[in-house]
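In what follows, chain A forms one complex with chain B and a second complex with chain C.
Now for the complex of A and B:
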């Protein structure tokens, strides 16, 4: 076949009402057997471009010009019925969050099966069942025969994304559009999914349009790169060229914001211990598909200490117990064993009343800044609410708001605005300011930058480092992304299945990891110059 | 699952006990004396007192209540003050028309309300959405008896297409049976349709913005499968709960509607018994109605597990 598989020329998309352009004159193409990465921060128009191709634009948007050709067929002028026939059969899409992208009330087998039933009605029930099973097997899913009857909530994140890919590819489409397919996954799972996609490209000779904000992913996956900013393509070319000699300042900024491998060597922190955790344990009862009811040990005999002005990184995959540890230290959970000595006082089993005076010392910043600020409360009020609750007079607290905003690098005008007026990075700064309002000694950042764009991530991480240096704040930095810890963490704690398997100075763990698991975590992080790891 | 069922059934006992106690006390505080009604216009104070004593109405309230509960435990709802018939057999004799129009109402209102709500959500902001929503407001606001008389005026008096009132047994022919239940069902259904359509629309609108709906479309599925298989099943839990709550409206509606259409059902029996201050009959009906309500809502709760596999009891 001549010509590329997908060819987008001069595509413009705008808001239907205000006619404000969202995507401006975008050109890009994807050939067979090729992975093209579209990179950009949120709002760069990369997802809108993908949705336009699939014919899935939200009602608020409309195509203003250009053409989208799939195998030479113009998608923009095709009828809705034709587009529907092409979706699933010739082009398919997978999404960022496999939990919400799968229907929670239908079994996996049903959801894959209906693609076959609808597009190939001549298939018998047995043939459909057979191909569903085969497609799951091809994605290296464990016990596919059991999974057919499972519901999405009974699987892990990585399994769900594999199911999504199985569903997308069951009809052998030519083009796969992957919209941030690994952003919501652990580094190790991310690695596996990326490897899977890459092998599928080879085996099936499909074209992949991979959307990401992470140049680390780009460097591992892409044959060619398209960089988008505010709706327009600012740079494109073969991956080696763009990575080694970026022409556009924005591309350079994105590349620079990817955390590099090697850790910064820091002098050991030798100030007094503010927090000491001894033999912490947490046991839950839960139910899964393969077993009826079992109790899960979320934390097993975890011991650690935190010094004044120290950043302790806690890393591990989801389910490793790192969030449980964070929530126990902040006493949002009551651990089932062990002690948490905060300034020498054990708060592990304290009741709500006794705990109150201690609460202000430990403050938490959560993962999702969009959901952790009250949308109907002005920023100024949200920031002082906690402090007032701890007995600071409202006047003093109000004075402090301006100060706090300055500390996190925000303008004073934020006081009278509502959370939705800010970007994700700004909101996370506000959340940090809110946490600082009660003058805590310890800040727990629970995946606090995971939901942010890579370039914004590095800004927030830098801010945390500055807060340690300026305020002598102790920070527990929880993340599944090892790369982020290299820049600011003084020490690292590696967790697996609720246990601490390794801890030590960051540079040491990066330099000579002792545990296989730590080595695997390190190897899974998408970085530059380790392309050989996959191909 | 079984333990859930068992616990829920046990929990209905205090509910029924409270309902009966409240009904028992309210009835006796509401004034009117069954003995005086029984004695008629010529009754002397002596005969009234004699009747009161015979019926046990002269005893303290608490004694009467305990005695009634004791009978209830043995499946005995007592005898009517007015006719001395067994309350259980009176209820049994009148249950059919009520059951028939209740079931036909639930069926009709789901058959119309759910698709209407789906349509309104799918075509959000269109004329069909706005019409559905405004009509449903009218449906809420219109009192049942006014609606009943309106139907009678249009269909029976003007068009002469349907009987004005009364009830015909199914055994006496399908057509006469249906023609007699059409108008009562329509009368009762309007408010239920309004309720179900609104809840269906709201809960579907929320679901339609979910990611998996986008996935379903990305798979190339036609809109009807996206709406009815993917979206509606996810929206089913709130719809089912409103159907359950709707049964309470239905019980209130049945009493008025049966009077308007002169149906010999439990609703009519309620009105007759209230007018005669026939305490045992009223209490019996209340027990039956609240029992039905509790059981239906238990079934609704159980139906959640069918719609949503994440819900386990």
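Now for the complex of A and C:
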């Protein structure tokens, strides 16, 4: 190996207008056949570093100093045309959201073919088609010959991400930059993509710069780690060293926030049943005038019960029906079969008027903290709405707001602010506070932490556990990531294709999963599995 | 990039925000200057070196611009400057009242169609029907049957704008309605009126305000066209359209008569459109966010 593939020295990037530094004096290098992980929370400058390398810096930012060498060639002083030529040929990038990165109106084959046609105009049509097919095959995609003619919306998220990787690698670049490539994916799909990237590194001897906020991913993938915080590198070194003996407090915090496997054994909850779901079914009927009637079963004969002060984890991949279950229990949907007994009253088929008084008991916290707070409503106003709707006087409700904010660990000054002034984690706390405003018995957390950084995830999960202990709240905790359930869930419900395939105490399911599917979910979660091997 | 984790962003005073907005969009600055001048002109019309715009002076007809007639005089010897200043009252009244009326009615209909599913079909098909009639024809028919005064003209121009607003509002609602904060409000027991007023309306205001500026500019154009065709405001009250209509016959003798009102119409329409474009950029939350995420 002669010299590193990518060498970044003293790179600084700042805002063009205010000259505020965003990336401060970053050094990192990537060699051939090596995976280097850049870890940090959002806003740590890891994406900006990657964008600078690719020459994709947004207009608002400018490079203030340092150098970026790819195979010894300085990228920062190269012309735009030269960078364009290098992009794709020598370096390529894949992004977090595979749906928005692909053109929805072109077939996958055309999109990959286009890259080839642009960069290698001497190829004949047959050669292009051959190369496209070959690149899809290399990604372990099922029936690549059929996929060539598929449109992005016909594929799953994992397949789209594989297509993105195929497109990035079709010109045989030496360096692949992957910016949170699996954050938007299910754990099982994430596992597959990570395995794929790892094997490509071996086969092609390329260098990978992998950006992530999840130390679980780091421990599975990285040869070396670079930890970034507020634009600066705080620690870097071989993965074994950093994981076993982190020197910087921030690194330790990130490592500690990764949920460990192995569930905490909890005493079974014996209190009274607050919610009982029997034989719940949800069928979406698609009745077109011209097409034949089709129906989709989102829920099939789902039964469960929830006791006071119990946290029930509902786990499954996307499309397993867990969100439909949540929305049915909160009666944002009307199920087509079965009953939902809330304090012994069946609310499954109630009309809007009769339902209203019962709504108080079940409140929801949604996945996307950026869409679940009304952007034009001050926090204080949002926090009294629920209580006022159920007959509390506005003055009394306002008095409780400070108390609610304290419960979720937020400062009282939040009352006068608008949601955009808060970060994702803070917003999710506000959503929980809002849900608590009407004093519910049941909180439905629908992927409530999936969109958050790992370190923030653990804070919110801890908060939910505390609420159960302090308020005797029953929580339905829905997630695709089994790791998150181990610490707080009393019982687990594993769902697949709309059915409950396994349920039981958390420790039991972690210890002796009966179903293959559960075993697969468990195996997919990135953990410090090889920790003993490292230390 | 994943979701930002940070302390609450520092607050910017409203004044500072307006200043930075103006710096970033020169279009809005231009529009605001033109519109403020116009409004001042319309309000202070009697004090701006003007005479009675209806005062006839046959001896001094078709004069070129000079110290007495700043913009010349027309075929009846009336002062064109005075007529244009007073005419701005008509244009501004029509533009602003049509925008306000069509926004209010259209938003109401759009809200009902978007939120009450059994009303949706009926309302939207009625709107489609209304849109099928050409605006100018509808205006001519209405003015013909109701008489040509300012109120009828505003009504006639408003009517064809309503379906556009209603459709816009309905389409925006269909996306806003699925937002998690609306679902959260439903599960908190918020009733339909509260849902519309506190959760839906504030979040669709931005495209509405922008649409309003475009409606204002097109209303000014349609009013001018109607007056030019001789079916708008009667000749006694000056409006930019009928000043041009009068001048048309004497175009070869006194071409300046047409330029001034024409320029006024063009500038006003341009100003409203610039205001709309500028507001659209400023109110677009995606744009605002992309600026914020790097600062």
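Quick note on the criterion: the second predicted complex is superposed on the first by the 518 of 535 C-alpha atoms of A that agree within 3 Å, B and C clash if a C-alpha of one lies under 4 Å from a C-alpha of the other, contacts with A are read in each partner's own complex, and residues count from 1 in each chain.
What we mean here is this: a contact is a pair of C-beta atoms (placed from the backbone, for glycine too) under 8 Å apart; a residue touches a chain by one contact, two chains touch by 3 or more.
Treat the numbers as computed from the prediction; the structure is a model and nothing was measured.
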Q: Classify the contacts of A:49 with the two partner chains as first (chain B alone), second (chain C alone), both, or neither.
A: neither
**Q.** Partner touching more residues of chain A, whether chain B or chain C
**A.** C
Q.
Is A:376 touching anything from chain B or chain C once the two structures are fitted on A? First, second, both or neither.
A. second
Q) Is A:524 touching the first partner chain B, the second partner chain C, both, or neither of them? A) neither
Q.
A:332 in the overlay: touching chain B, chain C, both, or neither? Say first, second, both or neither.
A. second
Q. Considering each complex separately, which residues of chain A are in contact with chain B in the first and with chain C in the second?
A. none
Q: Could you pull out which chain A residues touch chain C in their complex?
A: 15, 17-18, 20, 22, 41-43, 47, 58, 60-61, 96, 179-180, 183, 213, 330-332, 356-357, 359-360, 362-364, 366-377, 385-386, 389-390, 414, 417, 420-426, 431, 434-435, 437-438, 451-453, 455-456
Q | Residues of chain A touching chain B in the complex | A | 54, 56, 84-89, 92-93, 95, 97, 100-106, 114-115, 118-119, 151, 153, 164, 167-168, 287
Q. What residues of chain C sit close enough to touch chain A in their complex?
A. 1-9, 11, 179-181, 183-191, 194, 198-199, 202-203, 205, 285, 289-292, 294-295
Q) If you look only at chain B, which of its residues touch chain A in the complex? A) 210-212, 214-222, 225, 229-230, 233-234, 307-310, 312
